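Labels for the chains are A, B, C and D, by order of writing; each one numbers its residues from 1.
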Amino acid sequence: MDFDWMKIPYAFLTVFIVVNYGFLMTALIQKIGARVGRRYGIPIWQNYLDMIKNYGLRSSITHGAMFYLGPVFRLSGGVGLLLFVPSIYGSYMFSNLSFAGDLILALYFVFFGTLGMALGAAESGHPHAAIGITRGLSQVSMAELPFGLAVFSVALQYQTLSVTDIVAAQQGGMLTWTLFTNPLAVSAAMLSFLGSMMRPPFDVVIAPQEIPIGPPTEYHSSYLALMQTNRVIFPVAKIVIYMNLFFGGATSWPEFFLKVFLIYMWSAFVGVVFPRFRVEQSIRWFLVWAVPLGVLSIMVV
Amino acid sequence: MYQPFPPDRSQYPAKKADGTLDIDLTSGKYLKLWQGPNHPGITGNMSVELTVCGDEVVEGKTHVGYLHRGFEKLMERRTFIQCFPIVCRICVPEPDFNEYCYAAAVEELAGIQAPERAHWIRTLILEMGRINSYMMYLGGQAGSLGQGVIGQWTTYVRDLMLDRFEELTGARIYHMFILPGGVRDGLPDGFAGRMEETLREIESILKDVYDVMFCNAVFKARTVGMGVIDPAWLDEYGVTGPNARAAGVAKDMRKDHPYLVYPELAFEPVTGKDSDIYTRADVRRRDVLVSVDLIRQIMAKMPMDGPLMCAVPNVLHWKIPRGETYIRGECSRGEYGYYLVTDGSGYPRRVNVRGPSYTHAMALLERMIVNISISDVAALMVSLHTYPPEIER
Amino acid sequence: MKPELMKRMVKGPDGVEFEVEPLRDYFCEVPPTVMPAAYIKIVEDLFNWARAESIWILGFGTGCGAIEMRPLMTPRFDAYRYGVQWRPTPRQANLFIISGYLSTKTLKRAIRAYEQMQNPKYVIGLGSCTINGGMYWDSYNTIKRLDDYLPVDLYIAGCMPRPEALLAGFMDLKKIIRAGKGEGANQYAENFAWYKENQKRVIHDWDMPDYNW
Amino acid sequence: MTMRELYDRTKALFPLGELIEQRSGGNNDLVFVTVPAAHLRATILHLRDKEGFSHLVLLTAVDWLEEGQFQLTYLLNNRQQAYDLGLRVMISRDSATMESIHDVWPTAATYQRELREMFGIDFPGSPRIEEEFILEGWNDIPPYRRDFDTLKYAQEKFSERPGRKTHDPETHMRQQLYPDMSPTGK
């Protein structure tokens, strides 16, 4: 297989676009939340400033190599996810480094960051971090289960593991989207999406009140800035997968922006008015609602 | 040690001979966790020392004293009128009860009688303060479960109420308005109309809060059946106010020991049945509506002229004969009381403030916190509606 | 001193006994150092600008001033507009608002929280009681001058200051930071011995190392 | 039932002191009675179980320095009858010790902890009585005692910012208006 080296700078271009779009969208979501609370909200460029500020802090404390690697793993999870999934269907520039079987790789990247984060935060030795990790891992593994089931269902449905092929199969009008051809899988995946976005009602992991922000308690300065960068990339990257698998992908940047925004809004709208579940409650919720949907979707296919 | 309700610790650490728990922290089975003082999930500047086993709390100890300023000592070396500006600082979110209780206690011991109109204005201020305090609570209760938007809405209407306070007294938080002998001023022009607008806004926000918070499935899942206060504990732990009313006991000092103009106002204490966090929140929400109604009644019935202050002796040489008294009022958390002892000099001999949080946050919380999940500690603590400054003063 | 902070022998899960001295083992005892600004002026200016526009407050209401913090973050005053927001952990915060009187018990916690914050960090003293004791000038349990114990960048007078005053204070703090004068952390490091001496004079129960982070 | 009847009935059982009616006239709902320390426990148990004074409103102390005594006030409340009864117990100031009532009302343990810390009154057997409640590392005499001078302590302990002026109205007025007035108060 001959590899086209030109793809690498193009992939980085994608990352660049997505980072900026992610910053914009995060701010937009925060602004929407503020407007629901009758506030004006943050300036739209606030997140850039926060990030520069955090990179610009003079001191930082480390708790060992793994503590440092935590955010790095997390960031590489986000970037990797983005790099190996085609963001624009049919575009040579923005199909990134995708190849056959990349669905498995993408799934791997989805989990990769979380695990790295857990290891890194545990290194800090802070009890809040430890509690946050136990909550986080148990909830994430539960929340990702329906997603995994839905992905299998989709893979079975299209008889391929290549994201590009799945997107290709969905071209041809809205009704060919997985959303309509396999609604069970999509609903299972969307419920799982809620759980993995770390927004209420499933954000007890990073809850400020229940435990001060969980795993990232000890992260600060540049570590935090790395994590902030990831926090803007990762949701977009994840939404790209969702979009490709279930919503027909995107053939141009405007379509991409619109679809990502709408999918993001789904979690934001739910999140803004809901309180949080406890961990065992959210696990039960996923077991009762999302997992059966996922299983059902596989059986239907 | 005699314990009327031994906590259910069947699967938890064994007890030692002296009744304390046999917790071996080095065994790795237990973890000591401090919630507070620097913690968003704590009501103000206090802390709870939790011993957890897995995700469950085995033992909790409340630690207070972070806000101790020694008011009771400071007041002993201030004249009666010098005490007046500092009493309101004892309880920050609802300062007016300090002013009222202190003023009433001084009046009683000095044998002076505040005029009728002052009573009406005092009642009005107390009810306005109660709404403020409840609004803080509703926001805090939702916030402790991650529903930040409720806090935004309720703080918004609380700001409106603070505007009314500012009109009336000239200050947002510390009003220093109810002084021994009466009140400082009457209502400004057009106050009734603006008050009515504020009350309407409060009602409309409360309706939104009801829809978003009380009808929310997640909120119910977190709070229904959580943190139950057994009605039998009420006397043992000195539980008063909405915490007691949510347990089905209509303990309301406004009815039990009527003061000010409450005998002339028509209202019924709000009670609940289930005594869990949800019921306590609901009782408080309905109590706001009662207060709104009371303010409307007060505005309608209030005499618009008449004296605001009675004749008070020269406050610089004001000596009060020896005596002791206890004045109480129903604040938003429960029974607020001042125990004042005078000895014939120009200074109080002793002032003791009975804040309702004193019993709620200490003995009761330590009793209730056992066997709940760490994630519920914040919600439980907020649901008792405790304000640390009135515990340690 | 609490028993769990005493030097003691501990038996590990694998049966090996070892000595634990919590004060030395659990904390870093290295005193703070002066951190120089970035070498290139334009970089430092950029950072100062970002620091000024993104102020993260430590969510620690040390006194009654905390009651006006909530209106500050809600519709009427909405400090988010100015890049001000809360962080629940001292590690991520840049600004410590001492909201009112500090009892000696809280002072100890405030010092620990302050030392955990990252350089550069700023302190605002809120209310008259941080300036000269205010209402509690004769209290046996509250300190009178905050700047004896922590380097203060800005005082906001009043009892209690209104949210507008706080917003104005933030604006002034931004000017200070942008001018590169918000060097409280370095000041603390330079005069470390003096600050420690003052702190130890009022805190009786000093059961922590000199510098804990 | 009036407070007088209740008092007479209880007086037959326990050696109570004189009844002081605080609010004679209108609603006579607050009275104070002195009880010897040895009979306090029996009295409150009787009042709690037989007379319906089931709510401990507060427990506090007053320092009568001149008389060398602490006055402990146990304020009980009967909700049904809307009566308050303050039981006063005078104990010696020198070796201040009192029987603990934490088994009658668990919440009394908190009050007793505070009294122990702030007044130095010991309540043997009360849970966690030795633990610090409000203060931390306090090494002076208990602060709520009358002979503790908070101003002196604060001046010695905490540095003052120069420039603070006192405008104590009493001294000011005396200087301005009544230069020949005799000192008042303390």
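The rule we apply is simple: contacts are C-beta pairs under 8 Å (C-beta built on N, C-alpha and C of every residue); 3 or more make two chains touch, one makes a residue touch a chain.
Only a predicted model underlies this, so the values are computations on that prediction, with no experimental measurement involved.
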{"item": "Chain whose Cα mean lies nearest the overall Cα mean", "value": "B"}
{"item": "Most remote chain, CA-based centroid, reference being subunit D", "value": "A"}
{"item": "Inter-centroid spacing, subunit C versus subunit B (mean Cα positions, whole Å)", "value": "29"}
{"item": "Inter-centroid spacing, subunit B versus subunit A (mean Cα positions, whole Å)", "value": "43"}
{"item": "Separation of mean Cα positions, subunit D and subunit A [Å, integer]", "value": "61"}
{"item": "Centroid spacing, where centroids are CA-atom means, of subunit C and subunit D in whole angstrom", "value": "38"}
{"item": "Multi-partner residues of subunit A (at least 2 other chains)", "value": "37-39, 208, 212"}
{"item": "Residue list for subunit C, restricted to those that touch at least two other chains", "value": "59, 74-75, 88, 105, 138-142"}
{"item": "Where subunit D touches two or more other chains, by residue", "value": "134-136, 143, 148, 150-151"}
{"item": "Touching pairs - complete list by chain label", "value": "A-B, A-C, B-C, B-D, C-D"}
{"item": "Residue ranges of subunit B touching subunit D (in the complex, touch as defined)", "value": "1-4, 19, 61, 64-65, 68, 70, 72-74, 76-77, 79, 82, 108, 234-238, 251, 256-257, 316-317, 319, 323-326, 328, 335, 337, 339, 341, 345-347, 349-350, 352, 354, 358-359, 362-364, 367, 392"}
{"item": "In the complex with subunit A, residue positions of subunit B that touch it", "value": "31, 33, 39-41, 55, 142-149, 151-153, 156, 212-213, 216, 218-219, 221-222, 373-378"}
{"item": "Subunit C residues within the subunit A interface of the complex", "value": "28, 35, 37-38, 46-47, 50-51, 53-54, 56, 59, 74-75, 78, 80-81, 83, 85, 88-89, 91-92, 94, 118-120, 185, 213"}
{"item": "Subunit A residues within the subunit C interface of the complex", "value": "34, 37-43, 46, 49-50, 52-53, 56-61, 208, 212-213, 216-221, 224"}
{"item": "Complex contact set, residues of subunit C against subunit B", "value": "4, 10-11, 13, 58-64, 66-68, 70-71, 74-76, 86, 88, 90, 101, 103, 105-106, 109, 113, 135-136, 138-142, 159-160, 162"}
